[in-house]
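Presented sequentially are two complexes of chain A, the first with chain B as partner and the second with chain C.
Showing the complex of A and B:
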């Protein structure tokens, strides 16, 4: 395997891209005007997820997810679990690529066939993966600050349309919906950080690992929270019927007949942030598969796995309606085992082994 | 013989150069000369209960616009810079696609300025038109909605003096109506927000024709009130002064002139409105909710036909009282109308829901009746701040 080194700063930026890259997901669907509470709850729940994941990584410094699983569960069970992880990363890519290409098809490239958008975009991501993690990390250093400035600057222009009464009354959500919404938001926004377990061994300063991931996660969460607050304050009850509330909000910007039609800027920002997100997950998937089969070089796997990912995207869903109901009703149940349950079981196994070993010594 | 040794990178470079020849441009590029810019549209129905929709779309013809080189100097009926096309269809989209058969260019809806809805269509309910207007990706929610007594195609054919394209004229009229407070300006987003609300009744501005010398001019005025429920039907209208009374309560009077007689004389004093702030506090009584509406209005002395000194303390107090009285009269008129129609145009139901959701759950079912019976405690605080360049009228008695 190649020798790559990335800095904690770059790692943090990539975490931001993973979290904030979920902005196309239907965030406001369940909780409506109480979404902001659910996002804060999801940040707390997400911290527990990330705690489990990073603890696992720090227990085995320098080992990635595949090696950790093989060390904990042994060769046979380890391979099965790792194959499941490969499958999960593939599904993540399929979800993201479908989401993104649907979005572009609906808003920008109306007459381009959706598979063309998906394939071209995945080729770009594949190229980034071919060039390696260092390239993706360096790319994030340029892209993320520009995106944050562009999005915040654009959202600043809509402040005249703010109506804070849209937030009232607080907490009219039922407890079931609150729990459902926060847990699905945790899975959508923060749980995907699990793919960094493949990348963590490349970091050049392991002492700053945990703070980098946590700060990245909170900053990304804050961006999502900001977007959601804007959506509630400006769109109010009309957000319920929008496919892309954040974009609808930007379409409403009309300051002095000069600052209008800003959505192109925001779509471009979405493009870059989702590019980073898919590139990272793609890299994790390819590296994961290569490690399972003990390949010396992961590059031959990039193209075939990408082809499988695109195909999977179009087999899984027909339209955004399918996709929405899957994300709301099925995705958390599918994803949380990978994101939280398996790392937690791994930690338990380590803990039991340790206590057994100490008992024997006594 | 010369053997060409081309290294890999040189080959790649040549390939990329070749790519630039065939890969430039867009997949579905639309040049400005190939699209028909739709700036206005209108809907109507033959009768209230008829199925088919009559859709009128207004398209700009750039070469006839005087700002373009080579256009005719004066615009007459023959070379007007727009064209209107009316088409019937079972749905809006159906009618839109049918009009494509008559335009050589594809219609582009991104610059839609006004949507004019005829009386019959408004009475039949206008939810069904909203769907296309908010679903299509080209349309923007900044377009204004206007309800017209006449057929939309008549309104879209009225030539005004300043602007040559009627739909853009209408947009300007709605925007300038903000400075008189005599018409409510409602765009698609505002309308949608009211339509989706549990209790607030949707509203829109009205448009009619006014005779001016030989030709007719469009005139934007008042407020059209729609019913709540499955279909938003036109149920009533507010005239100019009632509209301003209504706009006072929702805090949207940007400017305007309030005139009243200054007793004991019959002479008129006009006050220019400068700012309008409103605070609404609901009280939850057993009989029903009581709304404390406090208006804070700042005005400037705009004109006095009364030949006296209005800057003295006594006169100022009297002026303030009369000013508040006039505002109160307008507000009460609008409230009486809204109560009669049982249409909560002010959003009082929303305020109850925001302040006390449990109470709202109890009264939600028969809110229109409760609204019609509820009490309003109106307080008006006025302040006349500026008096212009002179202190009193040049000839004073």
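Showing the complex of A and C:
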């Protein structure tokens, strides 16, 4: 395998891309005008998820998810769990690719078949994966600060359209819906950070690992929260009829007939942030599979696994309604075992083994 | 379309496969071939319009189903 090193700063930026890259998911649909409360709740829940994941990583410094699972569960069970993780990463790629290609098909490339958009985009991501994690990390150093500035700058221009009454009546959400929406948002926004367990051994300073991931997670969450607050404040109830409320919001910018058509900037930001997100997950998936099969080099798997990912995207979902329904109803239940339950069980196994060992010593 | 995809697969498969074979990485070659064949079969079926059942379990809303909420 390639010997790469990335800094905690680059890791933090990549975490931002994973969290903020979920902006195409139907976030506002889950809790409508109380979405901002659910995002804050999701950040708290997500912290628990990340705590479990990073604790696992710090207990086995220098080991990735595949090696950790094999050490904890033994070779045979470890391989089975790792194969499930590989499958999960592939599903993640399929979901992201479908999201992205659908977004571009609906808004810009109406005449282009959706699979063509998906294939071209995945080829670009595959090329980044071929070049290695260092290249993806360096790319994030340029792209993420520009995106943050562009999005915040663009949103600043919409302040004149703010209607704070759109938040009222707040806290109308029931406890049941609050828990359901928050757990869904946690899985959609923060749980995907699990793929960094494949990349964590590449960090050159392990002491800053946890802080880098947490800062990245909170900054990414803050960006999503900011977007959501703006959408509610400007669009109000009309956000429910738009598939991409953030884009709808930016379309309203028209300052002095000069600052208009700003959606191009936001669409470009979406493109780059989703590119980084898919590249990271793609890298994690290929590395995971290569580690399972004990390959010396992961590069031969980049092309076939990418093609399988694109195929899976169109096998899983027939249309956007199907995809949308799965994200809202099925995704959290499918993803939470990988994102939280398995790491938590792993920590429990470590703890039980440790306590048994100390008992024996006594 | 099928012809173009087949040529692309053959080209990439031959280039990558030959490199692995020449380096005597037979295990890598086998794994690569396995995934290439799988990827090609799925692409072929998709292009032919064959309906492949979704591998996702029919999870609608587990919270409601389990009566948790």
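To be clear about the criterion, the second predicted complex is superposed on the first by the 362 of 362 C-alpha atoms of A that agree within 3 Å, B and C clash if a C-alpha of one lies under 4 Å from a C-alpha of the other, contacts with A are read in each partner's own complex, and residues count from 1 in each chain.
Here is the rule we use: a residue touches a chain if its C-beta (ideal position, glycine included) is under 8 Å from a C-beta of that chain, and two chains touch if they have at least 3 such contacts.
All figures in this text were calculated on a predicted structure; none of them were measured in a lab.
With the C-alpha superposition on chain A as described, chain C and chain B fit side by side in the combined arrangement.
Of the two partner chains placed around the shared chain by superposition, chain B is the only one that A:236 touches, whereas chain C remains out of contact. Contact with chain B, but none with chain C, is seen for A:112 once the two complexes are overlaid on the shared chain.
Contacts of A:254 after superposition on the shared chain: chain B is touched, whereas chain C is not. The angle formed at chain A by the C-alpha centres of chain B and chain C is 110 degrees to the nearest 10.
Applying the stated contact rule after C-alpha superposition, one finds that A:172 touches chain B and leaves chain C untouched.
Between chain B and chain C, C touches the greater number of residues of chain A.
Measuring only between alpha carbons, the smallest separation of chain B from chain C in this overlay is 14 Å. Common to the chain B and chain C interfaces on chain A is no residue.
Residues 27-28, 134, 137, 140-142, 189, 192-193, 196-197, 350-351, 353-357 of chain B touch chain A in their complex. By the touch criterion given at the top, residues 91, 115, 176, 179-180, 293-297, 300-301, 303-305, 307-308, 311-312, 314-317, 326, 329-330, 333-334 of chain A touch chain C in their complex. The residues of chain A lying in touch with chain B in their complex are 106-107, 109-112, 165, 168-169, 172, 236-238, 240-241, 248, 251-252, 254, 260. On the chain C side of its complex with chain A, the touching residues are 12, 16, 20, 25, 27-28, 31-32, 35-36, 38-40, 42-43, 46, 52, 54-57, 59-63, 69.
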